[in-house]
Every structure is written in C-alpha cells, then in structure tokens.
Amino acid sequence: MKKHQVTERVRYFETDRMKVAHHTAYMVWFEVGRTSLMEEVGFPYREMEERGYFLPVVEFSCRLKAGADYGDTVKIETWVERLRTRSVTFGYLATRDGVELAQGWTKHLCVDKINRSRKLPAGIIEALLPYAEITIAGKAAK
Amino acid sequence: MKKHQVTERVRYFETDRMKVAHHTAYMVWFEVGRTSLMEEVGFPYREMEERGYFLPVVEFSCRLKAGADYGDTVKIETWVERLRTRSVTFGYLATRDGVELAQGWTKHLCVDKINRSRKLPAGIIEALLPYAEITIAGKAAK
Amino acid sequence: MKKHQVTERVRYFETDRMKVAHHTAYMVWFEVGRTSLMEEVGFPYREMEERGYFLPVVEFSCRLKAGADYGDTVKIETWVERLRTRSVTFGYLATRDGVELAQGWTKHLCVDKINRSRKLPAGIIEALLPYAEITIAGKAAK
Amino acid sequence: MKKHQVTERVRYFETDRMKVAHHTAYMVWFEVGRTSLMEEVGFPYREMEERGYFLPVVEFSCRLKAGADYGDTVKIETWVERLRTRSVTFGYLATRDGVELAQGWTKHLCVDKINRSRKLPAGIIEALLPYAEITIAGKAAK
C-alpha cells in the first residue's frame, strides 16, 4: 500500500498560548494531505465539486502524541482506510523527524449539490486503490 | 452618531505563542461586529447575499495598541465611516475594560453574484445613516 | 447529570466554500463550551495554566449530522464523560433549534509546565462531578 | 532590491461561503512570507523569540484586487518597506499566475519578553538591507 506525502511548516497563526500548534491544525494539515492525494490520483477535489461530487466530512478523529511548534516541518502521510461506493475514509499520520505527532482519520460521504447521497465518480475507486488499506468488495489493494 | 456594540471572549484557538490573540482575530471580531450591526438595522448580511448583494472586503487596516489574552472580554464597537451608493466602509474599535486594544476599518464594494459592481440595496443607506460618521451626498448623519 | 450550555453564532470566517461551517469550527466551539464550564465550576482554565496545570487535548473525535451556515445560532452542551485523577474527557453536543448538528468528545491529560503528568488540582473532581456522566472510583454522579 | 518568494496553495479551510479565501488568509500568508524571509537572511524568527526579541504586529493593511479559490497557487513576495533600529515594516504582494490578488504591509515593533521596546538584534539591519525598499539613516539599499 502506498502512502501519499506532503510536508507543511507550522505557521505562527496555528500556534496557541501553549506554544504548540492548536489541535485543529492537524485537521487542516490532513485536509492538505487528502487534497494532494486526490490530485495525484487524477481526481482534484475542486474539480469534483465542479462536477457535482461533494465529500463533506461526516466524522473525524485524531490522537496527539507530541506537540509541534512554530516553524517545525511536519510530514503528513495520507492513505485510504476504507473505500465504499458512496463513502471514503482517509487515514493520516503526522510526524516530525520521524517522531509521531498525531494520527487520525476523516470519513466522507459522497453527496450532490443538494446533499443527497450519490456514488463516487466512475474510476475513482480504481485510482485510489493503490493507497487503500482495506479492500472494497472483490478488489484487493496491492 | 451611534456605535453598535458586541462583546466576544478571546478563544484559546485565537491565541498564539506570544500568549495574545493573533492579529487576524481582530479582523474576525470586526466581522462579528458588522454582522451584528447589519442585523440591527434590518439588513442581515446572509439575507443580502441570498438577494444577490455581496459585500466583499476590498481593503482593510488595523492598528494594535495592546494584546488580548485567552478569556478576555473584548468589546467591539462598529460604525460606518463612509457610505457611497456602491461601497461602504466600516470603522471599529476594540477595547477591554475601557482600554483600547485595536482600531481598524474595512472597505466593502457591493457586487452581484458574478462580481459586477452594483448599487447597495434600496433603504440600506437610510438604515445605516444613524451609524454613519461621514455624510453621503446631501444627507447628514444625526 | 447537568449539562453546561453556551450559544455561538456561526462566523463568516468559519464557513467554507461548501457554505457551511468548516468541521474544525466544532472543535473551536467545543473549546468555548469547556472554557465556560470550567469557569462555572470555579476552575477557570486560564487560572489553571497560571497555577501550572495544563490540559492539552490528547485525543478528539466528532461526528457531524448536519451543516451550520453563517449566522446560525448553535447551542453547545458540554459535560464530563470521564474523570480520572490525571485526565478528563469532555463530551459535547451541538444543536440548532433542537436539531443535532454534531457530537464529539475531547480527552485531556493534566500536565505541568514541562509536560510531565500531574494530578488534577484539588477540588476539581468534586466541582466537575455534577456534570459527570461516568463516576470516578467510589463517587457517584448525581 | 530583492524580493523574497514563497508559494502557498489555498486550503479548503481558508475559503469562505463566497468561494474565495477569506481576507484574513492573506495576513497568514504574509506571515509565512516574512517567516521565510527572516530564515533566508539568517534570523529565523523562532530563534529571535528564544533570544528575547519579539516582533509583534502593531499595524497592518491590505488591499484586495481579486479572489483566490481553493487549490489556487498563490505567490507571495516579501520585502522590507521600512527599517528602523526598533521597528520594521514588511511589504507584500500576492499574485496568481502573474495577476495581482492583494498587496499589503505589516509593521512590527521590537520588544523584549515583557513588552518593553528594544533595539533589533545586531546584524539584522545589514542582513535585511538587500530586501529593503527604503534606506535607513546613512545606508543605501542595493
């Protein structure tokens, strides 16, 4: 299984009075991670929205092990934890110099412009499969 | 001239590693101030957008005198600095217990859904006039 | 068991291009909720930090049922899901006009200034007990 | 005069219901720009704070010409508009594919840990000079 990588520097804006990145910053970096993964597999999310496929976050979870301070370089690895015809769950790992900072996941439903459930676009499941931890019915991740 | 008042408590999220609210927090509180003022005068901004009147920020400025820390109660006063048929400039003052924290202003153009200049909706100038520092052509603020 | 209540209006800043509050906004509102609860029970969190008790978020989770748009009034109920001598887990429910928007929880460890585990301050467990869903050893929530 | 360059992609989190980056996002990108410039000239700002030199924003201003949407690549150019022994003003230009999105500036005072005015650290003026638009007493920018 492949993992997609991006790196981000912690912004001053993202720190709080505890002198570490606020816990919401991880969710924003995870968003950067899946944005980049979707682009890499040929399904830029902005284009998906233009085509009427929206992937709102319906559930998320995150565990923090260590703090990241202003200027730190954070590596975010993104993969697919679960892939269904109408939903997708991404997994994430944030590290700094090999040390785990946080891990988490976000679950997304596929809906249309007026929030009705719809199937993910044709081809996306195949495109995401190399990054998928868990198989979907009858398809094995490499 | 009347000034509209709201109070906000500084959120942990809004602080940074200098242990004060990040300078962008003032712009967000000013936004809360003008949202509340627009409601008070009968032109809730969300409804304005639904009617096709958009007021994007085209310029803003802010001067900071003192820092606000987590939990501080910040009073934001909002008024109208300049009122034209196609633009409006709001003025703001943020204080804590009577001490000035920041002052600033935001200039907004009135545009339609596809970003073309348009006149502010009928009646809004009269509605905002009591909060206006500067008169518009031929109309004196009270 | 009591639940603490606060209400927040969705800020323009908090919305995203899907025209609802970004999912991180719920974590910020939950933070406002627990800040207010801690104050109500006589342990303002800012004072706790000044006394050397830090409660960093070590895990969080949130499920979203419906979107909240700009200007919506969101009620956040906060309670204690789990109370230990060195950690506390808060539970949250966000609603708009009685309709569930989101629910979630945050787990916090108690640490000192240099991040070493320490016991929660004396008296806080008793103070939080009326808001506690789950008892701590030998103490029943009312 | 040299200008320092960084590029950022617009994050979903940074957009608002007008489907463009919120105006505060520019201030955050400008912060990224000056962080990077300070590193390039050998005065990483995090280290400066560790040495007791703080550069809080005391004034800022920004003019917006066009909106940036989710995923857009924004180039931020940063330079020094004014350099004094106890303050510095940075200038910024944000563009997308050569089109101006915004320009602005931030003024910073140099203070110590307890907010008393102090001189900028030795050597920083010489280091910043190549990026300076305006000379300081007796020193010409190249």
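Order of writing sets the labels: A, B, C and D. Residues in every chain begin at 1.
Going forward, contacts are C-beta pairs under 8 Å (C-beta built on N, C-alpha and C of every residue); 3 or more make two chains touch, one makes a residue touch a chain.
In this text the structure is predicted, and so the values were computed from the model without any measurement.
**Q** Counting C-beta pairs in contact, does B-D beat A-D or the other way around?
**A** Pair with the higher count of C-beta contacts: B-D.
**Q** Based on mean C-alpha positions, I'd like to know which chain lies farthest from subunit B.
**A** It is A.
**Q** Based only on mean CA positions, could you tell me how far subunit B sits from subunit D in angstrom?
**A** 25
**Q** State, to the nearest whole Å, the distance from the C-alpha centre of subunit A to the C-alpha centre of subunit B.
**A** So the centroids are 35 Å from each other.
**Q** Go ahead and note the Å separation of the Cα centroids belonging to subunit A and subunit D.
**A** Whole-Å distance between the two chain centres: 30.
**Q** What residues in subunit D touch two or more of the other chains?
**A** Residues 12-13, 17, 24, 28, 69-70 of subunit D each touch two or more of the other chains.
**Q** For subunit B, which residues count as touching subunit C in their complex?
**A** Touch list, subunit B to subunit C: 9, 11-13, 28, 31-32, 35, 44-46, 69-71.
**Q** Contact residues on subunit B for subunit D in the complex?
**A** Those in contact with subunit D are residues 17-18, 20, 23-24, 27-28, 49, 54, 56-64, 67, 106.
**Q** Along subunit C, where are the residues that touch subunit D in the complex?
**A** Where subunit C meets subunit D, its residues are 12-13, 15-17, 19, 22, 24, 69-70.
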